[in-house]
Each structure stands twice: as structure tokens, then as C-alpha cells.
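Both of the next two complexes hold chain A, though its partner changes from chain B to chain C.
Right, the complex of A and B next:
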């Protein structure tokens, strides 16, 4: 079948960032397979034929980078704030020696950011609390000297409330010992402590005049982490009804650490982006950042199609803007600390044109 | 550090155009991207071909005191520019509100 098998002339990235070459037919097959995997995992509708064809076209464009048409631009947001230049926790930082405020101004004035964030070097809720006074003063300094919208980013991170870094027993450990009731009680204790700390630091930080808060890597500790964060948003809304509250997720599905915890009558465990966003809306979140994980052993075509399929449904059902996570290892981008620009720009374009997101 | 990549593929460019203004409206009013851009265009009296044009917006922002990324001695900077943005977008900005309250200034 020589006429059905073209030359391997499409330059493609794998999910780990490595280069490979594919035929257009192979790209099409990967796009369909990625979509089918998303439909199967998240129980969302399949993409249309037009959507599939458009993704294939974008993935097969010859240029080194691709972009949306003028007028179709979206908002850029970020997580990690100034620490992305200074000391990102992933050990992937340039480790530049400059002030925190200067690092923020670099993003505003040199890197074309539409919005930005302030972040502590160890930005988990539990670690921000002891240095809240210093962080408030830093926020005041930044807000006087910047123009673009500025959020304060932190990670809810319920994990630090469990032993050995916190006072509560670790539910999975207790369950292994068949202490089910104790596991539930300890998990809810940790959730309540995290929620109260988020409310404490949130009210302090918002009082400095920052534009809002970014709950980053929400649900990294599963359903208890997610529900505690949603409860905190609901409480903060009472004091700061106009604040911008951005909620970015940590993974495409909420892990069931408890398996029983609910928010507004819905079990949190196992929810996918199109279901997560409805709880975020109910809590009072302003903008939602869905995550779809990258499979590092599949092609970017497969990963982008899978991500777009899940996010398109999330976008369809959402009444609040979506600022989808497109960093390394999510949203179809390769899991590599310097993601290749060919893959990143193709993932961006597909996400905007097919999934209709409002920001990245 | 892929921010420049995202900017070239799909970003508005922040203060180089109206990216910060559209972002502010989107975050504050919880509105989708098309509604956010329309709000900004209506308030600024500009069209879609102007709001993403770096050359046009450079002059517009300087003329209206909305902050630019390059040095202009004496031009509104930081929170000064944000107070002008409050007026032109007809929205309240938390840091400007705090400044007025902390210093007993009134608009």
C-alpha cells in the first residue's frame, strides 16, 4: 500500500520532548487515539471531524513555531511568580541574583506577561503562614511599582498537614492498618486545618491591595485538598467579594484519598476537569485552570488531542473563564524542563482554536 | 521559563498592547475572552485592529497615562498608571483603593 504510507516527514516531539519523525497518516492516527483515550477516561464527547482535521493540520505545519491569527490572542497567566527566575522548587531555575520585585518587573516589562503573580520561595500554605508579615510587606511594595494585575500564588498542599511534617495521621497509612474511621477523621482534621490557614493567609494578603489569589496545584493531595480549598474560597468571598480568585488544578483527575468527602453534595474523588469546574464555580472561583497530564511515552499529537478533548468539554460547560495549564508536562506539552517551542506553540494553538480557552 | 514562547504563539503582550487591561477585566468580571476584549474596546473607544497593535497602543498608553514598558521620564508609573486605568476602564483596583484609604485621599 505505498500510496497510503507517506514519508516520515512530520517533525514530532514525544511526550518526553525527544524528537521523532512521523507520516501524516501516523499523526492522524495518534490524534484519533489521543481523543479516544480522553473520551474513555473522562467520559466526555468526542471531537468533531473538523476538530480532528484542524489538530492534524496544526501538528503538521512546517514552520518552527505556529501562532493564532491576530485578534485571537488570549490572556497569559503564570504560576510560581518571581521564583521562576530566582529559585523555582523544581530545581529548574536560572537562579538569578536579583530582588523579588525586580524579578516581577522583568516579567511585566520584558516578557510580555498580561497578568503575573507574587510567590514565596516555598509557597505551600503551611509555609507561607509563618512569614505572612514579610509577604504582606512584599505585596505592598510590588503593588506600588507594577501595573499589570497581580495575584498571590500559593499551593494549598494538604500533604504538609500529615505526619511527619504535620500533626495529623496519614490516611493511606492508617487504611493499610484497617483503621478506617481514624483515617477519615485524621483526613478531615488536616483538611480543616489547611482550610483555616488558607483563609488566614488569604485575608491578610488581600488586605494589602493585591488583585487576587492563585490557588496553584489544587487537589495535589486529592479530594480532601480540593474540598478544603473550595471551602476556603467560599469563606474568602464573604470578605472579599470582588477579589480575583484563580484556581489551577494539579492533575486531570482528583485522587480519592478519602473517597467520601463531598462539596455541595458532590463527591470530589474521581472528578475530571468538566466536573471540577462546576464545583469551582459554585465556590466563587473567578477563573479556572484545568490540567490534563502528558503521557511522556506518547507523541505530542496524541497528547494534544487528548488534552484538547477534555478541555473542550470543560470550556463548553464552564460559565467562568478557563486559563488552561500549558506548562511542562501538562496540556499536551512535553514533560521536559525546557519544553521545545515547536511543541508548545502547536499545543497552544490547538487549545485556543479547538477547545476555545480564554487564557493560558 | 516558556513565557516568551506562549507570548509569541498566542499572548496579547501585556503592557505592550492591552493585555493587562483585558486580563484585569477577565479576572475581575469573570468574563470570557471575547467579552473581556469587547469591554476594553468599548471603554477605550478602540477597534480590534488597534488593541493588539504594539505601535498604536504604545502611543495611546502614553497619551492616556496607562503605563508603558519603556522609560519615559515623569510619565505615570506603577500605581499612578493604575489609577488612570481605573478611570478609563471604570473599575475599582484594590491597590488604588487601599492607597486612598491609607492616605485618606478621595477621588
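Right, the complex of A and C next:
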């Protein structure tokens, strides 16, 4: 509808999924601004002129969806396990009546997933621990009935180890009372408890013969969450050196809840994807999932360029495959419960062609 | 005197409590007015906030600087009292993650920044029942900060704002909203007063409104 929108003929999504119209020059300006923000925040190199032009081209393509050329496809997995088909989230998820195993078979045989992550309905470490026997039996049953690689997904989620859901004091609450030393001690106590639980459930799950583990939304509770997870991977590696261990992050920068906790001599707080991946490699992670947050007030062009800039540097320095997080609110994808497919496919294509990731 | 002012700012940015106290005592001994000392420290605190925003400083560092600020208020209290400006509170804020949502790190950081800026903060935590926000507002909180990380829970913010309007409290409270799915457009749409993309931005806007009140 060019006559309605004048020169603004490029259909563009904002970071909250709403629709807007832009000129090609405005798209280019947003792409440059997004890249510059990434350079400033993460201290990574700028994209090349070729990269910038390619992102602008992809963002300005006319079709509703875009795709990569044959042969350029990457490995796909998904988030949320079998619950994606079984749940009813109000305005998303179909709430299908079927077993967990059947839902996984649908993902494998009907939806064409390359890998799958089995997940409990409340998949935090602390919640999986009391049902670990049931989950082990489920893993074995799934493996009898499927062919594609099976990972078991859980979220480290140190938050559940703090009061009111856990025994340890909440560091931000204690800090507001200026009990900084106590906050540090409680945080480290929670980190150790979470690490021990990850090792416990990780060993049990891998003993069933599944192909690997997927640490989801790692560092959601900041640096203590990240370091505890890295320590757990390092420990699991001693017993299961050949297991596939994926680590997906929760945010582009590791929040400094402690501000002092280190892993292998490096301060964990404030690390960006290209720095996070080096610690993941050192711990023994097989595949890393960088995250770049979407700004819901900016355009998809701005967000995609910003994400690609950070992930491209992560890809350059990484010695392990990258399976970048490209869902709601990350990787340039709009922060919307059912992200618009035009924005999703453009973000995916840019990430594959410019940041050279191995999977989504 | 400008060197002493810079020393106060530098001490705040260094976020070491003994260093901050030394700088305050030195400025006091040099005859710097108590209000000027607090102003310089506030400038330092602003710089700390910027470095926190950039990921160069972290929550414990912000708290160390805030502890230094509190200590300075103790040291300078009598002189500030003589000037009639002691213990001035910018406002009372109820803060919480709305009902159905358990993501509270961003909200906790915002609570800390507001407290450091001079607000009394009643942080109710996460998954806070709507009525608790209303009770706090009825109890005298003149700022209300609501956080949500999910598109399915952000609508609770509008419910709370509507209740304050229906019960006649809306003009007594500044409603603040934040969280990943929230935008300025959504803030305007539901009739909130402040949208903050970051904890710093929310704090700056709250301070501006408190200053105008």
C-alpha cells in the first residue's frame, strides 16, 4: 500500500512485534545505529560494509518470509521440549491431548526437527531433582521410539535456591540492607547447592544413554548462576567425557549479582557472548548458545544488526559450534508471544549469512 | 574547592567505603558546605549509575557507594539539620513484579537504584498480588513501580492502574512500569506515568517528578 505510506515502503516490525513502515535510508540508519550500540556495549569490532549492506538487503526484501539458499541450511532445535505442543499458554501453544513421547515423535516425524530437547513441565534444576526417577524412565522410553539426537533440557536457575522458594537469603534484598558480606555468603551457598544438584541430575540423566544435556537460560540469576553451571559441566565431563553438553545463555551480559565470583581466574560479571564462550569452552561445553536481548522499543533492523554484530565476534573467537538463541525477545526476534514470521525469518537469515552461526 | 569536589566524585566512583569517608572528612575539614559535599557525592553516584549501566560496575559496587553516601549523611547530619535539609526523602515507592510473574532481578536492581537516590522503597518481591500494590498506595506510597517480563502478565499493570483510578487514588501516585516487553507506547496506552528502559532511566525520571513535586 505505497500510496498510503508515501516513501516509507519497507514493511518493518518493531521490537515488540508491532508494524511500522520505513524508507530504505531509515533501515540503513537503524542497521548502523544497532551495530554501533553493540560495538559500544560489548566492545566488539564493527561489521564490514558488505555485512551492513547484506543486512539492509535482507531487511528490505519484499516477500513475507525470507530464507537461505539450498545448502546453506543450519541445524535446528527448539525450546521448551514436548510441552510446546501439550501446554495451553492462553494465546499460544495448542494444548494437544497426547503423551509426552508422542509429542516428541511429532517434532521428529512431522515437524522435521534435527535434534530435540526433552524437558519437564517445570524444567528448573531444583524442580527436576525430586522427579528424576520419572524423567529417567521417560528418557529411556523416548529413546526406544525416536531416532534424532535427544538432549535433556533444564534451567540451572539459581533463583529457586533463594528465599522464599529456597533456603538461602536473596542477595539483592540483603544488599539493600547493606549486608553485603552476608549477601555474598548466601549467594555462594546457593551457587554450590545449585551446582551439586546439576551434577546429581546430570549424571542420572546421562546414565540413561541420552545424547547429552542442554543447559537452558544459563546465568539468568547472574554471575553466580553462570559460574555454578560451568563448575557443574566441568565435573560432569569427568564421568561423561563424550556426552554432548549444550549451554544456552539467558542474556547478552552476565549480571553482576556477586560482582566478584570468578571462573578459571576470570571475573564472570559483565561478560558478553564472545567472552562467555571462552569460559564455556574451558569448562567442556560442546555447543554454545549466545543470546543478545531484543530492545522492544527499537526496530527489527536495529535489533538484528546489534545481535549479529555481537554474535559474529562470538562466532569468530569460538572453537566450538554456536547454536544461537533466536526466539521471543532474543537475537533480534520481537518480544512477542508469537513473533511475526516476517521478522523471525529475516533475523534468522541475517544470523546465518553474516554471523556464520552453526545452528538456531 | 573544585579539587576537593573532584576527590569526592572520584572516591564515589572508586566505591571503597573507607576512601569515601576519608574524602568526606577532608572536604568537611576544608570548610566545604555540607550541602555542597552531598551534591558532589550525588554527582559521583550518578557516575556510578552510568558505569553500572555500561556493565563496568555491579550491584555490590553500587551498594558500597550508597553505603558511603549514608555514612556521609551520618557525619554531616548535624550541619545539614542546621540548614533544614536533613533526612529529606524524595518519596515512598512500592515496588514489585506483578501477579503471575516471578522474574524479579530487574525490579530488584531498580529498587536498589531508587533507594540509593533517596526514596524509601517497599519492595514486595515477585508474583505480588494486585491488592498488595493497592494497599501500599492507600498506605501512603506516592510512587508505584510494576515490573513484568512476560507478555501474558504485563496486562496486570493496567488492572492496577485502573483500580487506583476507580478508587480515587490515581492522582496521588506516580505509576512506573518496566520490563522487557514494556515500551513507551504501552506505558502511554495503559495510562502509566513513567516507563524506564533501564533502572537508571526509571530512577532519573522518578527523581525529576519528585523534584517537581
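Going forward, the second predicted complex is superposed on the first by the 349 of 360 C-alpha atoms of A that agree within 3 Å, B and C clash if a C-alpha of one lies under 4 Å from a C-alpha of the other, contacts with A are read in each partner's own complex, and residues count from 1 in each chain.
The rule is short, and it goes like this: a contact is a pair of C-beta atoms (placed from the backbone, for glycine too) under 8 Å apart; a residue touches a chain by one contact, two chains touch by 3 or more.
Not measured: the values here are computed from a predicted model.
Novice: With both structures lined up on chain A, is it a clash or a fit for chain B and chain C?
Specialist: Aligned on chain A, chain B and chain C fit with no clash.
Novice: In the overlaid three-chain picture, which partner chain does A:221 touch, first (chain B) or second (chain C), both, or neither?
Specialist: second
Novice: Which partner, once the models are overlaid, touches more of chain A's residues, chain C or chain B?
Specialist: After superposition, B is the partner touching more of chain A.
Novice: Classify the contacts of A:66 with the two partner chains as first (chain B alone), second (chain C alone), both, or neither.
Specialist: First partner only.
Novice: Go through the superposed model and pick first if A:212 touches only chain B, second if only chain C, both, or neither.
Specialist: Once the two structures are laid over each other on A, A:212 reaches chain B alone.
Novice: Which partner does A:7 contact after superposing on A: first (chain B), second (chain C), both, neither?
Specialist: Once the two structures are laid over each other on A, A:7 reaches no partner at all.
Novice: May I ask you to decide whether A:75 touches chain B, chain C, both, or neither, giving the answer as first, second, both or neither?
Specialist: First partner only.
Novice: If you've got the overlay open, could you tell me the nearest Cα approach between chain B and chain C in whole angstrom?
Specialist: Minimum C-alpha separation, chain B to chain C, in the superposed model is 16 Å.
Novice: List the residues of chain A that touch chain B in one complex and chain C in the other.
Specialist: On chain A, no residue contacts both chain B in one structure and chain C in the other.
Novice: Would you tell me which residues of chain A are touching chain B in their complex?
Specialist: So the residues of chain A in touch with chain B come to 65-68, 70-78, 84-85, 94, 107-115, 143-149, 151, 206-212, 242-244, 246, 286-287, 319-321, 326-328, 333, 338-339, 341, 344-345, 348-349, 352, 358-360.
Novice: Inside the complex, what are the residues of chain B that reach chain A?
Specialist: 1-16, 19-20, 22-24, 26-28, 30-33, 36, 48-49, 52, 66-67, 69, 77-79, 81-82, 85, 92-99
Novice: So in the complex, which bits of chain A are touching chain C?
Specialist: 14-16, 18, 41, 89-91, 159, 164, 170-173, 175-176, 178, 180, 183-184, 220-223, 253, 255-260, 269-270, 293-297, 329, 335-337
Novice: Please output the residues of chain C touching chain A within their complex, sorted ascending.
Specialist: Those residues of chain C that touch chain A are 54-61, 63-64, 66-67, 70, 102, 104-105, 108-109, 111-112, 115, 121, 123, 125, 151-152, 180-186, 197.
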